[in-house]
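Multiple structures are listed underneath, in structure tokens.
Below, chain A partners chain B and then partners chain C, in two separate complexes.
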Partner chain A sequence: MSGFHGSILPATKREKMASRAVQLSFVVALGGLWYFATNHWGVNPLLLPKPQLVFVELADILRSGEFWPDLVLTLSELGAAFAISLSLGLIIGFLVSLSPALVKVFEPLIAAVYAVPIILFLPLYVLFFGLGAPSKIALGATISFFPIVLNTIAGFISVEKVYVTAARSMGASPTMLVRYVLVPGAFPVILTGLRMGFTVALFSIIGSETIASLAGLGHRIVHLAEAMEMARMFAYIVFVIGIAATLNQLVSWLEKKGTSWR
Partner chain B sequence: MSMQNQTVDQVAVSIHGVAHHFGESGDAKHVKALQETTMDIYRGELLALIGPSGCGKSTLLNVIGGLLNPAQGHVDVCGKRVDGPMPHEIAYVFQENALFPWNTIIENIRLGMLFQGVAKSEHEDRAQQSLKAVGLMEFANHYPGQLSGGMRQRAALARALSLDTPVLLMDEPFGALDEQTRMVLGEDLSVLLSRTRKTIIFVTHSLGEAVFLADRVAVFSARPGRIKQVINVDEAHPRKPSFMTAEKFTRLRNELYDLLHDEIRKTVDLGSRGGGF
Partner chain C sequence: MAMTGPRPILSFMQKHPRWSQLLTLGLFFLAWEIAARFFVDKMFLSPPSRVYGEIGRVFGTKGVPDALWLTLFELSIAFAISVVIGLVIGLSVGLGTFARRSFMPIILLLYGIPQITILPLFILYFGIGAPSKIAFGVTHGMFPIILTIVAGVQNLKPVLMTSARSMGASRWHILRYVIFPHMIPSFFAGLRLGMTGVLLGVLLAELYVSTAGIGHFTSMFTQSFDPTRLLGLISVLAVMAIALNEMVRRAETHFSRWKS
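Now for the complex of A and B:
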């Protein structure tokens, strides 16, 4: 019992390591399952290619650099879509949050539209904007706009009134109030919205590339599937997962940095 | 040292027939919060407002601070008519922790000065001074969330002090703290205030706190509130802990209790629809 207090800190560290170990063994087990299913249990290689072949293809993709044009296109579509939804979401969200009456009208309205699977309108987007990048950007921007605008509204109206009162009593001008109180107060919630928006923008852009497109990572994967080049298709899937995981880590890191006071 | 004998130019805050209600009359939600109140508060005086819940003492404080426009009457602070916040004359310490949690303690203090319009070159000196005054120098770079409730209120006081205003309004500044912490903070406040000679109006629920800190205690009646009586404490600052066990302290505290008892009973009985025991 005497060692109980002293062991609190190491225990949390140990717990963290233990959960890491479980996560790692899950990935290893999945890989092992994949290996045995394809090499020993006779799963059709057209449905699931052998992992070692996928690895060889992945190495080839990375070495040849053939992924660059598709990656650059997909990421620039993502960048453009996110820039649009971020600016519109933040501006509209902020303006709506200024008046309780506007919040009462628009918040449920936006939330209702958010529940509509906007991907259904992809054919319309293609009709309006063509098969190329503009339709992907427009769709990604539309879909990611909603979580951003909703969290921006929620963020601003969640700022405790006493902070606003305190700032006013000290003589803060409206601009100061926005800059030093409302924005930092709303920031953590807004950041959550940006993170959600970023993720759905990525999903909808890659998704729409697989449905109707001329180029991009999603297009490449479907193209390989149609050519029955399953190992290479899986290699691209692994590649996209890697890119998505990296972007996710980056956004998480930014989020953590932005809310360090919590 | 009876404050009432002092002359008009020594009046810091002058309350002229202030009355307030929430909601329109005839409306179901109409609440008469404060009956017509007139009172002068003198320079360097520490006035405590005490009364049952909902008696309008916080309402009066917010009217003085320009955070609330009264339905009737007006307030002059340092000879100026109040019609909004007066950051150069009045600083606030709120009951809830009103420090910005996303800023460190020192950033909070600097921000207050930035809001008030203090020249940037003065920020550092004044911030350090006010932190020193409340004994929080080592915690300048801590976030409010990393401090105890008592330390947070000290920090809030430091932010108010750095604004260097002649008037300080405190709305139950120690309301959320435990008894021991409030006693210690009360002693510190008495020492601090005897040095700064600010005019202070503070709202409290604690009879002991009111007697220990105030020069005068204004006792409110139950809603709709009015000042029922003003009690003089007449004891020099800084007050020592021994004052709390003095016969005079007990007598004044009991006097306050008698004045308040009936008013509190009214509020409680109203709240429980006559279900007293």
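Now for the complex of A and C:
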């Protein structure tokens, strides 16, 4: 704990190496613990499968391609949910931002509803739409609507009034105002909302598949858990985490690309 | 003068935002009431008046009050544990530069994992009772607390530390009189985010387990097409969540006053 007093000096090369070493040994220790606990210390394989078995199962899942139907279903649910929340969020956010009075009334209202855990709507949506894809799409769309609409409002009202006045005084039409002043000005904040919305939509769709569904990646994991096929279940968990990480990476990259042109 | 456009409405909103919000909510409930009474099948939607009027039937269902109390208990315990773990890990990682540089990437990596994928594991390890729900709530609640505490400690101006040290403050004195007071706003912001996480984790686990607790009743009411009781139960849970959120938010504004 030599750095207790919060050094403000940038990290030296040696310190960076030491940090990397700590991280690496943490991962190795965790892996080693898993290996020895399951292979030598007799941990019940129904609670924790052997890592090498998980690896074999993962290879089998990838080779056989049996994940495709579940993956395609989950991703199309995600696509549909995000399309709905994106269009509704952008349109409603833009309309609300048109007048300070509307912002004053509706922004706190929307933020207050967002404070309720929206996962509570899932039983309702299952009642309305059944156990299939529509209830997942509805939940994903509802949850991701909020960050998108709130960031859209925040983005448009953050555009400095000077620019709007200047554009108007130079004779810009309302369409030109939106196209050349408001949208470019609000874009970075809106993009952040879209990224947040995408991530929560992904998590909530996998979540609702886990809680009540007929198919999809979340359902597959539950199915394997109930069948006590632990190694294959762990392999699917690794697979889903990999998919989620890839998608999040992709969206962050798009966000960076979308803001870098400015 | 019927065609005056939206101007009068907007100026009313500008002058009376509270009233406008109440009116909006009123319109929403009115639309729901009309839709449920005249347009939507009774098997799927109940009017709000009926949900409110028959809320006693929800509490009268055998086992529902117990399940609600148990959920409240799980939420409190999970929140308390998240705060303790968050403080311990947040301070020990945040206070050391080396510890922060080494362990923050690991914490961020773990936080990025969609934890919902391992929910079935929690049930297998901890059973269908309260422990699994508390554990799942803790894993959702502790990360935001850790992150805000680390961020709060990091924001500490080095000049404060240096001057405290130059005046001969011991480690304990620095912790007690410099770090802790400085941390309070971010600590309470962390508590608020932690509460959101705990609510999500506990409710996810409650809904997942359909053989006991809240999840049992939501699936029972869904399968028997009883929207009145389903909406009633969900409303009670929503009120519980709003009350807990509001408590933490009040504490945050109360204890962060001195900074502004």
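Note that in this section the second predicted complex is superposed on the first by the 221 of 262 C-alpha atoms of A that agree within 3 Å, B and C clash if a C-alpha of one lies under 4 Å from a C-alpha of the other, contacts with A are read in each partner's own complex, and residues count from 1 in each chain.
One rule holds in what follows: contacts are C-beta pairs under 8 Å (C-beta built on N, C-alpha and C of every residue); 3 or more make two chains touch, one makes a residue touch a chain.
On a predicted model such as this, the values are computed, not experimentally measured, just so you know.
Of the two partner chains, chain C is the only one that A:240 touches; chain B does not reach it. In the superposed pair of complexes, A:116 makes contact with chain C only, with no contact to chain B.
Applying the stated contact rule after C-alpha superposition, one finds that A:214 touches neither chain B nor chain C.
Touch criterion met: A:222 reaches chain C, while chain B stays clear of it. Shared-chain residue A:17: touches no atom of chain B or chain C. Of the two partner chains, chain C is the only one that A:99 touches; chain B does not reach it. Taking chain A as the reference chain, the count of touched residues is higher for C when chain B and chain C are set side by side. Of the two partner chains, chain B is the only one touched by A:169; chain C is not. Within the complex formed with chain B, the chain A residues making contact are 160, 162-163, 165-173, 176, 180-181, 184-185, 187, 261-262.
Interface of chain C with chain A (complex): residues 10-11, 13-14, 17, 20-21, 24-25, 44-45, 95-103, 105-106, 112-114, 116-121, 123-125, 153-154, 156, 158, 161-162, 165, 171, 174, 196, 199-200, 203-204, 207-208, 210, 215, 218-219, 221-222, 225, 227, 230-231, 234, 237-238, 241-242, 245. Considering their complex, residues 1-8, 11, 15-16, 18-19, 22-23, 26, 47, 99-102, 104-106, 108-109, 115-117, 119-124, 126-128, 202-203, 206-207, 210-212, 218, 221-222, 225-226, 233, 237, 240-241, 244-245, 248 of chain A touch chain C. Listing the residues of chain B that touch chain A in their complex gives 65-67, 85, 87-88, 90-92, 94, 96, 98, 100-103, 111-112, 114-117, 143, 145, 163.
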